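Handing you this structure, nothing more for now.
Order of writing sets the labels: A, B, C and D. Residues in every chain begin at 1.
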Amino acid sequence: MITLLFFGRLRELLDCQRLPLEITSAVDVASLRQQLADKGPHWQEFLSLQHALVAVNQTMAQEQTMINDGDEVAFFPPVTGG
Amino acid sequence: MITLLFFGRLRELLDCQRLPLEITSAVDVASLRQQLADKGPHWQEFLSLQHALVAVNQTMAQEQTMINDGDEVAFFPPVTGG
Amino acid sequence: MIKVCTEDFDLGLLTNELRQKSPQSGAIVNFVGLVRDINHGQSVSKLFLEHYPAMTEKVLTDICSRAKARFSVDHIDVIHRVGELDLNSQIVYVGVSAMHRGDAFNCCEYVMDYLKSEAPFWKKESQHGQQVWLDANPTDVAAKARWEQ
Amino acid sequence: MIKVCTEDFDLGLLTNELRQKSPQSGAIVNFVGLVRDINHGQSVSKLFLEHYPAMTEKVLTDICSRAKARFSVDHIDVIHRVGELDLNSQIVYVGVSAMHRGDAFNCCEYVMDYLKSEAPFWKKESQHGQQVWLDANPTDVAAKARWEQ
């Protein structure tokens, strides 16, 4: 089980703040994006590389970063604080 | 009559804060330095180009800047505020 | 000191704290970010700031560590507000004390440039009654790139 | 606002004033210069600041005018204290409000660099009971030269 979190515009577009997800084995970020795209066309669009940054366990991640059971994976748009 | 002012270390070294001086005609800064050097060896030393900046009527001046009757001429060391 | 909170802050108190813990410092540089009344030509009436609580302080701490390794500074304090903010409110504070002013200026700007492009905050503006999520500013990417040359 | 005075200042009040007169500003950068406890390896107990009253505000006004012509800023406030100052006291304040932070940082540093090398102030330190006039700092000449390239 991993925990997915969504922030900002992404959270509103997907109407989802938090989503627990079963994974059968470790996957990389790219595969996780692919897996979530199956949930529907707007998931595919909004979670694409251009729109969504990813952090794994609160650290910015790359497409090849591995995700393990128990991890917290957050998707969010480019940051706009300050 | 012009008014000479001295600031900072220079004021203490010359033991002089303010000195009214008669000038018979307009002089430039270089000539004024020369004229003041006649007051004694430490005036010569401390008012030399290396030690003393000059402002005429509260504006930084050059050696060729002309000084006219009624002007305020200030000598001071490089500034150290801030 | 790194803090993420809803409350406003007082620059007088913050500067006094920074002074007291930095007796060897000759310079303090403070940055304060404000809610502007006009952004990209749109008049703004309110701002909402969302963040990723578990990640925010981690990122800010990391930025400050890198800044301390790079510049000769004594202390770096950061406060970032979240939640609803009115027009003209203070959003963010970065205070840096250093022996010399050059380091204080550079370090403060460095922290702001990285905060702007790495810290997980998102702004939503009220523009004429409409709620609009802000897009990232391309100039912030350029500002950060300067430090990486 | 340009002021030369003996009284201390409160950065909270000053920043609020700057905010109130700059509703379009998104950024405020403040500089505060402090009396350090160690200067060039000598321990310092007190500082005395002399200035040339008729000239000081003229020079500060001129520096701010040049800064405003060069950077996109809304307001520049400067306060410089004179007279006797204790250890850790605030000496000088430069506050700049601007639409964007890059201009605010550059403008504030520009004003400080020119103030340091053009404004007629002179510092005398008490070092172990001795009164010592400070020499100008060669790094200040270099700091100013950067803006003239």
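Assume a residue touches a chain if its C-beta (ideal position, glycine included) is under 8 Å from a C-beta of that chain, and two chains touch if they have at least 3 such contacts.
Remember, predicted model here, so these are calculated numbers, not experimental data.
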> Touching chain A and chain D alike: which chains?
Replying inline: C
> Going by the average position of its CA atoms, which chain sits the greatest distance from chain D?
Replying inline: A
>> As a quick test, compute the distance in whole Å between the mean CA positions of chain C and chain D.
In response: 23
> From the C-alpha centre of chain A to that of chain C, how far is it in Å?
Replying inline: 26
>> So the centre of each chain is just the mean of its C-alpha atoms; given that, what is the distance between chain A and chain B in Å?
In response: 73
>> How many angstrom lie between the centres of chain B and chain C, each centre taken as the mean Cα position?
In response: 48
> In chain C, what residues contact two or more other chains?
Replying inline: 33, 112
> What are all the touching pairs of chains?
Replying inline: A-C, B-D, C-D
> In their shared complex, at which residues does chain C touch chain A?
Replying inline: 33, 49-52, 54-55, 58, 80, 91-92, 112, 115-124, 133-137
> If you look only at chain D, which of its residues touch chain C in the complex?
Replying inline: 10-15, 19-20, 23-39, 87-88, 90, 99-102, 104-105, 108-109, 112, 139, 143
>> Looking at the complex, which residues from chain A come into contact with chain C?
In response: 5, 7-9, 11-12, 55, 58-60, 72, 74, 76-82
